[in-house]
Amino acid sequence: MSDYRVGILGATGAVGQKFIRLLEGHPWFNITSLGASSRSAGKTYREAANWIEATAMPESVSGLTVKECEPGQFPDVDFVFSGLDSSVAGKVERAFAEAGIPVISNAKNFRTDPTVPLLIPEVNPDHIDLIKSQSFTEDGSGWIITNPNCVAVPLTTSLKPLFDEYGVESVILTSMQAISGAGYPGVPSLDILGNVVPLISDEEPKIHAEPLKLLGNLEDGKLTHADFPVQATATRVPVINGHMLAVTVGLKKKPGSAEEVKELYRNWKSPIADLDLPSAPEYPIFYHDDERYPQPRMHADAEKGMRTSVGRMRSSNVLDLSYVAMAHNTVRGAAGGAILNAELLVRKKYL
Amino acid sequence: MSDYRVGILGATGAVGQKFIRLLEGHPWFNITSLGASSRSAGKTYREAANWIEATAMPESVSGLTVKECEPGQFPDVDFVFSGLDSSVAGKVERAFAEAGIPVISNAKNFRTDPTVPLLIPEVNPDHIDLIKSQSFTEDGSGWIITNPNCVAVPLTTSLKPLFDEYGVESVILTSMQAISGAGYPGVPSLDILGNVVPLISDEEPKIHAEPLKLLGNLEDGKLTHADFPVQATATRVPVINGHMLAVTVGLKKKPGSAEEVKELYRNWKSPIADLDLPSAPEYPIFYHDDERYPQPRMHADAEKGMRTSVGRMRSSNVLDLSYVAMAHNTVRGAAGGAILNAELLVRKKYL
Amino acid sequence: MSDYRVGILGATGAVGQKFIRLLEGHPWFNITSLGASSRSAGKTYREAANWIEATAMPESVSGLTVKECEPGQFPDVDFVFSGLDSSVAGKVERAFAEAGIPVISNAKNFRTDPTVPLLIPEVNPDHIDLIKSQSFTEDGSGWIITNPNCVAVPLTTSLKPLFDEYGVESVILTSMQAISGAGYPGVPSLDILGNVVPLISDEEPKIHAEPLKLLGNLEDGKLTHADFPVQATATRVPVINGHMLAVTVGLKKKPGSAEEVKELYRNWKSPIADLDLPSAPEYPIFYHDDERYPQPRMHADAEKGMRTSVGRMRSSNVLDLSYVAMAHNTVRGAAGGAILNAELLVRKKYL
Amino acid sequence: MSDYRVGILGATGAVGQKFIRLLEGHPWFNITSLGASSRSAGKTYREAANWIEATAMPESVSGLTVKECEPGQFPDVDFVFSGLDSSVAGKVERAFAEAGIPVISNAKNFRTDPTVPLLIPEVNPDHIDLIKSQSFTEDGSGWIITNPNCVAVPLTTSLKPLFDEYGVESVILTSMQAISGAGYPGVPSLDILGNVVPLISDEEPKIHAEPLKLLGNLEDGKLTHADFPVQATATRVPVINGHMLAVTVGLKKKPGSAEEVKELYRNWKSPIADLDLPSAPEYPIFYHDDERYPQPRMHADAEKGMRTSVGRMRSSNVLDLSYVAMAHNTVRGAAGGAILNAELLVRKKYL
């Protein structure tokens, strides 16, 4: 399985760099092609990228020549990861899919397309079969799969055991989001140092909608979304990595106690636990008994950033339960999630 | 009115220092006595206090000799402000009241006493009449009045127009609280730099209970608390001053639109607007039309820290309305609030 | 003296906004014209500016129509403050001067011009006479004066008493500079949160050169620069306002002790102390006896940001003395310094 | 070599916890005993320690019973690491040495003892022979070795190539030190958030003295210290890990150019490069060509925190060279340095 040739679209951006760093030494996937804007095309990656990751640029990519993001430039890849900005992702990703190149995308453009899976492997692995209903190519060789918004990931992952056990009626949350979520240069330091900004443009609609698709039911090739209201206040806080959520949730069936719910989390088994995927964490959900936890600076990097940490589960005075959840926004909530998606697709023979 | 002789209990602590700074140049109140622990007693204030305010220690207090917090040491004061820690406030404040010295307290100890007003002048000024039901002294000369928890202040102030116009059914909020709320030395920097801590011990019960007393109804000398559930998640963020709240509220009557509610805030008139109190802000509630606002670093100091800033009012998918509110936690939410309480008591002839 | 009509060039930028905020309520200077780029011209200031100051935009300017930065658009001003970016300041400022409009500039472009005073009123007030040697106009009506780099201000101010008393032979310093010095959007938060950046492009040459001009000797209309080497390492730290300097200095004459030098600072009298300028601080140099001070967050705003704070004076193992100095970089080190320059020019009848 | 039984003194403190985390999975050293204060003695480590490391407490220690720091309690260890506070380290470490138990100490108490090596393996590995001159025991079985102050480590390491090649005449530096250097709870957040504190008590004398011992010459069992003046200004900045130094140095011989010095660093070979010590970094000194580097948040963790990063080498206007250096203060500058010391002692048959 170690011979997948992989392209990265948007390779010079923050998400593209994260793909490159996370794929360094990956047992299955080898980066063989890099795509970026025409401004970078023709340069080596070393020249083209303003490398912002803390670890050194991998030597395996630093000498690669950056190409334009056109399918014809990527004749030899098995699939591509897309870290493209949403302003261009729609058109480019479609072109790759139509050219028969599978696209594992982190962009939002196709997330709401009814034939495109929005995927968290531990939440809705069966949704990958939606791929069969895509029509980018006649022979099905080209398709698109997406991963969710970086808040939707820990939100939906932490809701999943409740959704299955009790049913979810409503969700209210405040997100306290890390600055890395805005890319680079992203948030001006004058805006956020010693401050909280109570607005992240265009973020809340995604948080409201994506959990419903992720928790939807796929039957006979048709996806029926889950149906409950979500209300989010998305704020920015001076944290490097790790989005923290304070969640209150209303349930259809009532748990006997908060302790019962903690046990549910502790005993929860991921549906992909037995697939042995290289990037899958041992604990996709980790429940912290220490009420001071989770904290982004302490726990965002746990299990290489692929874990959703949960804590402070308690009965709520309004609705039913309150808790906090946290995950690394640019790993679990972006590039790392996309890589895990690709690994699942390999195991399921889509790749 | 400029001749009130005022004592400060807990003068060397963070709250005591804030009292001293805010009272510098006050038109009515002159600090004449300072009380602290026996460790400080006998020293000049200059020697006893590790002054942490950014402005210089006022010369009017730096040479005063610190006394122990015993009523007999304060023969010449008209009243005292108490910035005592709750571990000692209960006993000391009672002793002062029983000695006939009015106590304007920032401590939590008497907040739940049914005869002690918990006061925000713009919210429940009529509650001061509860003082008459106190029995610390036979002649009524000694009494206690308290101001609320630093989150309860912006929460209840921002709920007040909604409570009066529509009725409140339920409240869910996340507080993002500044480090100054923990006093000095308070929060270790290793805990909070680039981090969010999702727990503030003993904070949430106060946030759940105090708004109900503040919005209660005083009739025939008896206070009936308001009756709606409040659910808070209190978190600490790396901000110096200003507690930010993300609030979602359920109402009894439904507003026609979010715009209608904004107008309600814009046109709201404080019940003490005409009393011309020296520390009263022109806008006890200020509604920000810019959705990026309020922000603690930008707006906590507005109107000398006495304003509650509100923004992002919108219809909610769950319950009815969502908005954010913010106020300076150690001014409006502590010492400044207590000073405004004292000013109201002067105008109402209790002092 | 209260009738000066003042224009602001670069009014929508960070420095321009600071000029506007600092001039609100100024007893002599009234802003009557605002200039910015052609993109902003024609709009009201309220529409054109992304206001980033913490206090509200003054009503006196919010309705003014922004003009292009051409002298013909400013027929009725007595002089202009320039907060222009250096990429355009050279050309624009020259045009204004040649049109007979005095320019009080914060830009670097003319700082090294031998006929243009580089001015700190408390350091080299006599240098304003250099204006007479300028030839922008035949009748001398148009001229330019500049204020120094934001590090050069506290550096040179703190060196001034040493320079006069002992003579300076060499200076080594590290600057720890606040993010506001980079303007807005300026420093990306991902670069600076929890970090130190050991390079500020193009900053060190200014720190090396400007003190020599500021401490130069003007005789017979000719300015002879001071002559000693300065070596700076300019770093960026996560501080909002206030540049901190750690300075080691070699002297020609040796002080008897560090205590003697502290006394020199404590007793130092500003050459403009008797001119009663509205923006002049009482202590242009304030010596902190507490060795933990000065600190930017505690002391940058002292005396409305116009003070240079000095502390930790001690004998050095290498060279002669070591100390720290700090000043508010966008007030004393930029717009506030320029306003004080203008006030001096008024008193000296240049305006 | 994998069978060393190791004790940790001061196991519950910040340094002790760092020892435990860094030794997890160490190929040679197994923690078998933990010592702490009498308050902790008798509890399991899990109960006794307020674990502040980001990774989970290793299971291999969590169940160990904490002992008092008395040699009699440690009968079965081959040596101990001491992370004791200096207030008790002197007495305790002496007792262990006198009981025949080697002490690898991070405390300052014995650093100035003429018979105790102050060791950086890449700088002065030969100094370990000083151990032979110690007289804690008659048979030489008990001895003490120390690692330097956390600033002295990157300072001396970065000076070493210059010292050997050119000779050092004088050093001036400013340190910008991370908060983790003060332990836990350490620096109050109100002191350091958005701030710089220009004083770290008792830090500068160590920075002045320790490089001279480290660069000293051991001949015939007698250590002659190097002889040049060092002048430091030690400041605290809001950084989690990584002390940054801005250094200017005077040399005896003059380098031809800054480029020549960069080559010296790039080609420098560590004297222990061939010993294959488990914790030794590949690049004990890493020279960054990018002038924006090193930065603490980006590079403190490079090579597991064991590297000294150097950059911005340039000719200086005063003295000869200026550069910046940075290292992880609690790894390279504390526990990690001590572990490397122990590894060298193993290779050199002292253990």
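Structural remarks
Which chain is which? They are A, B, C and D, in the order written, and residues in each are numbered from 1.
Basically, a residue touches a chain if its C-beta (ideal position, glycine included) is under 8 Å from a C-beta of that chain, and two chains touch if they have at least 3 such contacts.
The model shown is predicted, which means the values in this text are computed figures rather than measured ones.
Sharing over half of its contact pairs with A-D by residue number, the repeated interface among B-C, A-C or A-B is B-C. Using mean Cα coordinates as chain centres, the one most removed from chain C is A.
Centroids built from CA atoms put chain C at 40 Å from chain B.
Separating the centre of chain B from that of chain D, both taken as means of CA atoms, is a distance of 48 Å.
Taking each chain's centre as the average of its CA atoms, chain C and chain D sit 42 Å apart.
Among all residues of chain C, those that touch two or more other chains are 193-194, 238, 240, 297-298. Across the complex, chain B is touched by residues 54-55, 193-194, 240, 297-299, 301-302 of chain C. Listed in rising order, the residues of chain B touching chain A in the complex are 170-172, 174, 176, 193-199, 208, 229-231, 233, 235, 237-240, 244, 246, 248, 250, 291-298, 311-312, 316-319, 322, 324.
Residue ranges on chain A touching chain C, taken from their complex, read 52, 179-180, 184-194, 238, 240.
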